[in-house]
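The following pair of complexes shares a single chain, chain A, combined with chain B in the former and chain C in the latter.
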Partner chain A sequence: MATTHTLLSPAELNYLHTSLSLRPPIRSDGRLPTQFRPLTAETGILQGTNGSACVTFSDGAEAIVGVKAEIEKTPDAQSGDEDKGKKARGDWVEISVEIPSQRDDDAGTIFLGEMLREALLGDGEFAKKLWINRRFHWRLHIDILLLSPALSYPLPLLSLTTHLALLATRLPKLKSEGDEDPMFDDDWESSVFVYPREGASEGTRPPITLLVVTVGDNVIFDPSKEELAVAETALAVSVAEVRREKSRGEMEVDTKGRELKLLSIRTIDPPSRLTPPGVPNGTATATDGKPASNLASETPVAGVWKAPLGGTKFSVVDGIVQAVLEKGGVADEVLDGLDGVELA
Partner chain B sequence: MPLDTSTYSLALLRVDGRRWNELRRLHAQIRIQAAADGSSYLEMGNTKVMCVLTGPSEAQQQQQGQRRGQATAGGGKNASINVSIVVAGFASVDHKKRGRNDKRTQELELTIAKTFASVVHTHLFPNSSISLALHVLSADGSLLAALLNAATLALIDAGIPMSDYIAACTAGSTSSYAAADDSADPLLDLNTQEEQELPFITVATLGETDRVAVLNCESRVQVSRLEGMLAVAVDGCKEVKQLLDKAIKAKGAKMIREGAAEKSDAMAMDLDE
Partner chain C sequence: MADRRRINGPGGTTLPPLYDDDPLPRPTRSREPNGVRPVYLKTGVTPSASGSAYLEVESRNGAPTTGMKLSCTVHGPRSLPRSAPFSPHMVLTTHVKYAPFATKSRRGYLRDASERDLSTHLETALRGVLIADRWPKSGVDVVVTIIEGEEARQFAVDQGSEEWDMMNVLSACITVAAAAVADAGIDCVDTVSGGVAALVSMSGDGKSEIVLDPVATEHDEILAACCVAYLPSRDEITNLWLKGEVSSSDPSLYRTLIARAVHASKGTSQAIVGSLNEAVTGA
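Right after this comes the complex of A and B.
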């Protein structure tokens, strides 16, 4: 996570850490622990793509995602497994992440891309949507561009933008039948959404990946750069909505609310691990000249910043999962917000 | 796909219906990103680029910048200008991944960095760096010209002093190099289709003067046609400069009307227009 270098002194880090570990935590921008930064979103901004979206966070971070589909011949189609109706593969989807001022083979960037890819392809449902017939399939290129300078860890921004772009993605309507060479309706108006709209849809919706940090026992969503700098652990939690086909007898009222599925949890190395520790007043090396190695072994002194060590407690992870998945929880709130975005 | 431009001589209209000296629609915006020091968005027809500027800031990443393949110009006592271009995979019709070390992209970066190092008053910011991140969202011809114009707008938005605008556009010739056609007309502002078939040059001038800051040619051109193309391109640059100027002034007037900036006494601009 070389993108998030904060220039904070140990005293400042300690101040942030103390206020975030209060109950309830006090965040430097006055948000609630589960509150997201406001964002503006747009879809269908690039004409040359099958689907695109642009999201801007209130701190100025901006990302654009373009989805482009290509037809490709499926290799060894003659294997003749007639029982396996739709054989789909995850590598039909290509995700590339571009972050300015970073090499494209930077480990952090590749990790970001893989996290987004894992969430999307985790349950194997998505690749099936790209199956045309036994000889051909769609190859989907998802290009993720971070436009603004990297302010904080861009994972939530990139994930939300990708989610919207996938919702807006349309593929031309297939006119041919069976295994013949595919022919498509050239009227863009009659194209079909990869993720069908309300009603007839069934199955997994595109995932969102949320960034969660813990400070003490507190769970804080959508951390800012400063909050990330004092986080004890940082987790990327991917969730997706699953839509089930409504049985005929079911009342509409009962099925309100969405069913959420947890796809993955990944730990991210928080930048707080690399922060320099503070020096307690009693052992000020400038005066008595003690060697620095003595400091490391000492027990932490209250009010003196020390980089956090160790993993996440199970109860904390449990709390995060609860907060994400519960009805009216964070994921629900974010998805509600994104539902308001008009799909072009 | 080779294009049949022979129809030009029939109606004197180009494939997209323009006449020989018409620019495509140019739409410019500045200050599009709150987090950046300067930013701009520019459309020239279907070529759409975005520029995000950071700086002038402490020049600590200069060495790293070199390694990353960014082009750097200036440096030392003057501010250095770093340019990095990201061509999005979805920018052209076919999906094509251009890496950071793509030779063409590097050459574009170097051209832009050198041009602005000569125009920006870099001596005012010693030992600092100005980073321009250029994003190509859609490429349809005249890419270098669009990038130069977008960079100019971002530099103006950031308030970095420079001697004048860099205004750029392309010019071509109606018949290919092989056809020894003496009656070939020069063309202004080429799109991808035309660029693929016809000889063309990219020209950037210093403001509305005749001083050429960039002249780039990647195709074979008969020397007898070059003068005509250059004249058309320089005229086109003057037109582009006025369009860029209009976009800057419109944004300035809007900021004063909204109270984001104060109206100065020395301003001769009439805001009521």
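Right after this comes the complex of A and C.
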């Protein structure tokens, strides 16, 4: 996170901060506080993968995700614990994130990968989909590649791309039964989706991770780089849609508003803490006899930028999570948009 | 990330010999649901560092689970190297490293993904606390070494509880780092302390319950857990990490979970205050 330095002066930062803390906030690109950047999405772009997706944001940020699956022997398949049923492990899923101009062992990149991973495995249902029989399981490699330079914090982009790639992921159909060595149908047409499509769909859908910041009292979704640079709090909130089997009587009921499940929350270190502070006009050290260090951390002067200190109140965190989980809110809107993408 | 420059041996596990005939009983939680394990915290243990602290989370006598032992050293604030770009603030770097012998499976000398992840969390927790603009053009390194991680020794097969243990480790890292930063005399808005709360399923009936300071092996299954870094006197959270199945039937459950984690951190913050008082008065 520390690598994404913004080259903004204290005066510019203060201008951004003031206009974003107005009610309603005025964003520099004219979006509403809950509006996402427009995006173009495509699935099934890579032939050699089990599932793939490409998402391009309107500002030029572009990411590709490829999902590949391979069969692996489950170690210590003991015959003793038959009662355990499908015992799955989180490490059957591997996520690697590659961001240009960053080392792959950079702490920020690993943080991103772990965040996406824990959202995916959050409810323990996903790993069970990879279970073949007691001796074998699928191992899933999810490779996330950011093509453009990191314009803003790439988390929402990578998360949406991963979501689409997982929806498009297909695994060969199993022909063998029980604990035999697995045998699969050669026909790719008869392969099965990891996340079943409409119809017999029940259970959790793949997660999406939203980046939410607060400036003043305002909750702002999908911040751009400049907005992130003045944010007081940045949270990454992962949610997933839960689909329940509908009984016959409910078919005509208004389907608006999905059931959303909270999977994980992580605080992200806002880059605003690394921004240079402004110096109030009256306290220039040349005109005032006092040493500069006494003036540095006095109470903030209105109109002079100062990097935020301290943490977040619980009520602010609560407000953010409420805004994410709200019915018909941003998460719904984003999922609606992604539902429109044709799965190849 | 794997070390690509050297040819390393396979990363195997080292297990103590295990005999079939004497199975140790599975540990059970004997504390109250809102009980926190006692901790031992001492500052100023490393003379060569500008600030240091040592934290031990106690295990009960004869308990098969081990406690945690962590040490933290703070180097700096010191001037940045000439090649570094200008920074109006103190540059904070955090390193979290398991000692190779800290856990059942040996940890290599290179930091792996979970250790890097922990160090990012720790950095977020500390950065909100430091008054960094009092030290322009300087850097400070916070190094946490986990000497003994929390793991049950008697289980031959690991139960996939490491991901939940990480929450406890992070909470301990935050606490020990806060004490070491205070020992180094770096200005902070408050002393930060870590706390963990978890939603566990009860063994008998299918009900779930929120407990403070969970030990993964003492419970059947942990459904969700939350770790916070909390500033008691400002009533603020600098780092929040929540994951797991927070059931959608009770929409306010995550709130309870965060509130309980904050409650747990208040307990550990008393330990920090106590040990800092002790260091000041020289008692």
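Please note the rule applied: the second predicted complex is superposed on the first by the 326 of 344 C-alpha atoms of A that agree within 3 Å, B and C clash if a C-alpha of one lies under 4 Å from a C-alpha of the other, contacts with A are read in each partner's own complex, and residues count from 1 in each chain.
One rule holds for everything that comes next: contacts are C-beta pairs under 8 Å (C-beta built on N, C-alpha and C of every residue); 3 or more make two chains touch, one makes a residue touch a chain.
Just so you know, these numbers come straight off a predicted model, no measurement behind them.
*Asks:* State whether chain B and chain C clash or fit side by side on chain A once the two structures are superposed.
*Replies:* Once chain A is superposed (C-alpha atoms), there is room for both chain B and chain C without a clash.
*Asks:* Taking the superposition as given, does A:Leu235 touch the first partner, chain B, the second, chain C, both, or neither?
*Replies:* A:Leu235 contacts chain C only, not chain B.
*Asks:* For A:Gly66, is the partner it touches chain B (first), chain C (second), both, or none of the two (neither)?
*Replies:* first
*Asks:* Looking at A:Asp123 after the superposition, I want to know if it touches chain B, chain C, both of them or none. Which is it: first, second, both, neither?
*Replies:* After superposing on A, A:Asp123 lies in contact with chain C but is clear of chain B.
*Asks:* Is A:Glu259 contacted by the first partner chain B, the second partner chain C, both or neither?
*Replies:* The second partner, chain C, only.
*Asks:* Would you sort A:Asp104 into first (chain B), second (chain C), both or neither based on which partner it touches?
*Replies:* After superposition on chain A, A:Asp104 lies in contact with both partners, chain B and chain C.
*Asks:* Which partner does A:Leu325 contact after superposing on A: first (chain B), second (chain C), both, neither?
*Replies:* A:Leu325: touches chain C, not chain B.
*Asks:* Could you tell me the angle at the CA centre of chain A between the CA centres of chain B and chain C, given to the nearest 10 degrees?
*Replies:* 110
*Asks:* Just checking: does A:Leu309 make contact with chain B only, chain C only, both, or neither of them? Give me first, second, both or neither.
*Replies:* The second partner, chain C, only.
*Asks:* Hey, is it chain B or chain C that touches more of chain A?
*Replies:* Between chain B and chain C, the winner on chain A residue contacts is C.
*Asks:* Can you work out, in whole Å, how close the C-alpha atoms of chain B and chain C get once everything is superposed?
*Replies:* 6 Å.
*Asks:* Share the list of chain A residues that count as touching for chain B in one structure and for chain C in the other.
*Replies:* On chain A, the residues that contact chain B in one structure and chain C in the other are 104.
*Asks:* Quick check on the complex: what are the chain A residues that touch chain B?
*Replies:* For this pair, the touching residues of chain A are 46-49, 52, 59-62, 64, 66-68, 70, 96, 98, 100-104, 141, 143, 145, 147-149, 151.
*Asks:* Residue numbers of chain B touching chain A in their complex, please.
*Replies:* For this pair, the touching residues of chain B are 33-36, 46, 50, 52, 54, 61, 68, 70, 84, 86, 88-95, 97, 99-100, 131, 133, 135, 137-138.
*Asks:* Which positions of chain A touch chain C when the two form their complex?
*Replies:* Within the complex, chain A touches chain C at residues 1-2, 76, 89-90, 104-105, 107-108, 110-111, 113-114, 118-119, 122-124, 235, 242, 259-269, 273-277, 293, 296-297, 307, 309-314, 317-318, 321, 325.
*Asks:* Quick check on the complex: what are the chain C residues that touch chain A?
*Replies:* Touching chain A: residues 1, 87-89, 91, 113-114, 116-117, 119-120, 123-124, 127-129, 131-134, 157, 160, 163, 189-190, 229-231, 234-248, 251, 254-255, 258-259, 262 of chain C.
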